[in-house]
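Here chain A shows up in two complexes: once beside chain B, once beside chain C.
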Partner chain A sequence: MKTETPLLQVEDLHTVFYTDAGVVKAVNGVEFALDQKQILGLVGESGCGKTVTGLSILGLIPQPPGRIERGHIVFEGTDLLTFSEKDMRSIRGNRIAMIFQEPMTSLNPIFTVGYQIREVLHIHRRVSKQEAKGLTVEMLQNVGLPDPAKRMHEYPHQMSGGMRQRVMIAMALCCSPRLIIADEPTTALDVTIQAQILELIHRLKENTGTAILLITHDLGVIAEMADTVAVMYTGSIVEHAPCDDLFDTPCHPYTLGLIHSIPKIDQPLSETKRLQTIAGVVPSLLDLPAGCSFQERCIHVTTKCRLNPPFFYVSDTHRVRCWLHER
Partner chain B sequence: MLVGAPILLVLIFTACFSSFLAPADPIKIDTKNILKGPSRLHPFGTDQIGRDILSRVIYGSRVSLSVAGAAVFFATLIGVPIGLLASYIGGRFENILMRVIDVFVCLPEIFVAIVAMAFLEHSLRTLIFTIGLLYFPQFARVTYSVASSIKTKDYILSAVTLGAGGPRIVFREILPNMASVIIVQISFTMSFAMLLEAGLSFLGLGVMPPQPSWGQMAGTLKDFIFINPLLVVFPSVALFLAVFAINMIGDWLQDWLNPEIVR
Partner chain C sequence: MNVEPLVRIDRLKKHYPLRWSFFGRAIAHVNAVDGISLTVNRGETLSVVGESGCGKTTLGRCILNLEEPTDGVIYFEGRNLKAYQPAKMRQMRRHMQMIFQDPYSSLNPRKTVSRIVGDAFDIHDMLPKKERYRRVLELLDIVGLRKEHAQRYPHEFSGGQRQRIGIARALALNPKLVVADEPVSALDVSIQAQILNLLIDLQSQFELTYVFISHDLSVVRHISDRVAVMYLGKIVELGNCRDLFSQPLHPYTEALISAIPIADRKKRGRRIILAGDVPSPLNPPQGCRFHPRCRYRQSRCAGKEPQLREVNTDRWTACYYPL
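Right after this comes the complex of A and B.
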């Protein structure tokens, strides 16, 4: 079945937190679309609203203090924000699943991993015990856990981080969700395991055709995995482009800064022998400056930056929120 | 554990089979043999109206265990749900509920028990409910604080993202993870409850004669300490051993059930 509407469309999403210190605008007009079988990478530094965007999609913003002020999250043609908590529960884990950063603590320590996977199957699919057992072995096999029939009787503490992350992925996948939100899925793992897990996610995407929203701060992971990339800064997307375009012709000064701050294997360092950094600090989300939020750290800043830049299209698929690209 | 468990097992055994184990009728009066020391016929001697103390101690284990057990059961049954509810619902409800619990914690145990036993119907049931009411706030508090800390764990969030609803989170995720804490709390409260029952009975407010209870026997026999000082020792030692055994088991459970330790 071919449809014109994308699987997930986030429009003008505003998520804020009311704290004692003031109103924190964690997500500030995020918009993107995600098709089936696509991986969208959401990059940005800590506190730029990546995770809050992911949690907003699943309706997991703690309310209060959080609140989704404006926007739409259209998933398979319906706006998730109009759903009741009960309806959301049948979406979570079933249609949209999430993989977390910390595999070490994201599994319940007192149940076997097999039991935990069976429970998800039981909630969403209402399968018989015998079937669930078979499916569990199959799922663990799919995520490359060695000897799944035996391993499913183990407790989380008996497994390594990489194995636990595989179990988490198996849990996320066991109802064949249409969308997986992977929140820094490899951050807590060491590098060789990271590569394996990324490979696994990639393979599973090819096999099942789920879309993946990959949240990370690691541009290397993005370059490896993503089809399109959205760079976030202070709660909004500043640049959104196909992965190759973004790395070949980064347009936003912030994206440039991020790419320059990574050591390159084929380029010698400049004469100062230092990596370039982005000067200044991220402005507080409590008190964002009027206009472009990157203006205080930007080397190309002009008076025009006092106004909030709209998206300018560098090409059909490459858009950037910066006055430098006004045409 | 090595010390506690056998003592407790013996205690439970004697409580279950008192009628077979006791050599004599615990309420049979024999005015010809009063305040006698240990003899072949009465290994622990006889009390001021000639009842066999060994039999009374054996029957006393029944009262001690059942009153403490029922009271702790009652306290757990009220306290744990309140703690879970407060922690799960949160917000203003949590605050009000826990402050009410704080008030209960402030009540002086013996005093409340005396008032309750003095004004309410004087029965074992009142005794059990009073002791239970005195100890349920501790269950509520422990449950509440542990549940609140478990609530913030990553696996709870991941269960929510997998579509688990409220009751499932509370009963399948939070409660099993705190079972060990509740079990340890039960074992310690058990020994407190046993001591409180003994204390009240000692003061003549708990178990009423002729039904035997260790505290009440000690309370009565202490009056005759100058006639036969040995007699008061028997029920006291029984009480001491019981509380000691339960505490030992509680300590051992606490070490063994620590959720961080490998199963």
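Right after this comes the complex of A and C.
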């Protein structure tokens, strides 16, 4: 069933942190929509606000020092920002689940993995002990954990990184969430294990129809997984397009720079071996330049860049925040 | 060109004791490096790739004599490193330097950049005091830092800049060999490209030889002349970079390469997904160490362990049935 309103709509989200050094604008007017069964990739370098965006949706921003200043996060037609903490708790882990980057630190080391999954089932689905046990085995089976009936009695430290990530995914899937926020789900894993986990996430999305917000710094993972991609830079989305369009015709100078600065495994080696780079470093979020925040590193910079560019539409679905594409 | 390679490793083993019996004898070992023979030629970049726990870092540390090998010999410019007395070894160290993965923990937070880079001259008693500072500034310039950075502390720098400091430190004594252990994996992609370019430039400028340890195959393909693929403490494939990536011989190499996510959807090949995890190096499988996960395995693979052999010119693999 295709609904008129998207599953998740984030509008003009501003999340800031009040620190001793000043006000850090971690998320600076982010807006996007996500339909069910869709994977939206949120990509950018460290400190660009991609994780904070994910945490804002789940209401997990520590307050203080953090604060969501403005914006709306409309999930299934209601604005999550108007919810009380108690209401949020019934959503979190239930309608919206999260998969974290480091499965070792996000699982509790003193409980067995089976216990931790049963806990989710008890809280959100109120099933009996016996049922919970059966469901746990089933969930672990779904995510491809070998010998689940035995392994559910193990502690996180007894498992490898890949297995722990499978447990995390099983836990996220327990309540058949409508939306999963996966924050760097494979970054801590080796490449052969990463391939296994990405395949698993893909399969689960097909089977359950859940939407996924995939947060990563790895453009390769994005290309592999995402339907649409939003590239973030210093707290804002600078380019937003269907995955193929983004890689075929990247429009923002930052996106181009990112794509060119990765050594390509599928392209012949250049003689000089030099990579194209983006000059300079990411500006401090405490002290962003007025206007386009990429201007100091951009090779196409003009005087116009001192004004903040709005989104320009390259096509119906491809928008970019850069004056170069002004019509 | 000298015939003698810069480094020659002969049947190197490094076992770490894990448990001891009541009488203090080790009864269980982790075989981090388990019989590796390898040469590093002058002026080349040899990359060592593999997944976590395959022993690539241990190998790098053994080459620099930072770990004492359990067995086997390492020759540096034809001389056995073990034969050096500690004092002599310390002098030798100026010819071999290391760049570390984590630019945050590998720089002393209480020293200024000029001390960090200049310490090498103190240790080796090389330059008069006045010259030292001049040389430090020169080094900072080479790695793309500014003069005024010399008096700052590491915490004032970004990750990429810190890695530049680490590189300046490694270059201070004009080393012949630089072992770079995951030098770019802690960095963001746009910064990673800057550091890779710097490493490539420095190599041609100073005729450096690199042993480049990494888990990132796209980076390895970009920077290397030859590549050694490790799996559970052994080299499973060794060869020149171009051919190894275009036509891998070992099933593990094939799977590794196919597992890399590729940005261009049209060029994406068929993905080979390996079943299961890397077995524990405590208790590696009998026979070929890769055979439990190998999709081409045959009965012979579980028997005697295949040895690394030359299949083609400069193409070595430890597989009975190379692809």
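FYI, the second predicted complex is superposed on the first by the 318 of 327 C-alpha atoms of A that agree within 3 Å, B and C clash if a C-alpha of one lies under 4 Å from a C-alpha of the other, contacts with A are read in each partner's own complex, and residues count from 1 in each chain.
By our rule, a contact is a pair of C-beta atoms (placed from the backbone, for glycine too) under 8 Å apart; a residue touches a chain by one contact, two chains touch by 3 or more.
Small disclaimer: the values here were computed from a predicted structure and weren't measured.
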Sticking to the clash and touch definitions up top, decide whether chain B and chain C on chain A clash or fit. fit
Let me test your reading of the model: by the given contact rule, A:M139 touches which partner, first (chain B), second (chain C), both or neither? neither
Please indicate which partner A:S160 is in contact with in the superposed arrangement: first for chain B, second for chain C, both, or neither. second
According to the stated criteria, A:A241 is in contact with first (chain B), second (chain C), both, or neither; which is it? neither
Just checking: does A:M152 make contact with chain B only, chain C only, both, or neither of them? Give me first, second, both or neither. neither
Let me test your reading of the model: by the given contact rule, A:V24 touches which partner, first (chain B), second (chain C), both or neither? neither
Between the C-alpha centres of chain B and chain C, what angle is found at the C-alpha centre of chain A, to the nearest 10 degrees? 80
Greater chain A contact set [chain C / chain B]: C
Name the contact category of A:I265: first (chain B only), second (chain C only), both, or neither. second
Quick one: classify A:I68 as touching chain B (first), chain C (second), both or neither. neither
Check the residue A:A223 against both partner chains and state whether it touches chain B (first), chain C (second), both, or neither. second
Considering the aligned complexes, could you tell me the closest Cα pair distance between chain B and chain C in angstrom? 14
If you lay the two complexes on top of each other, which residues of chain A touch chain B in one and chain C in the other? none
Write out the stretch or stretches of chain C touching chain A in their complex. 51-52, 158, 160-161, 188-194, 196-197, 200, 215, 217-219, 221-223, 242, 245, 255-265, 267-268, 271, 273-274, 276-278
Sort out for me which residues of chain A touch chain C in the complex. 45-46, 146, 160, 162-163, 190-196, 198-199, 217-224, 243-244, 247, 257-259, 261-266, 269, 273-278, 281-282
Contacting residues of chain B [partner chain A, same complex]: 153-155, 157-165, 168, 172-173, 176-177, 259, 262-263
Sites on chain A touched by chain B in the complex: 58, 60, 86, 89-94, 97-98, 100, 102, 105-111, 119-120, 123-124, 155, 157, 168, 171-172
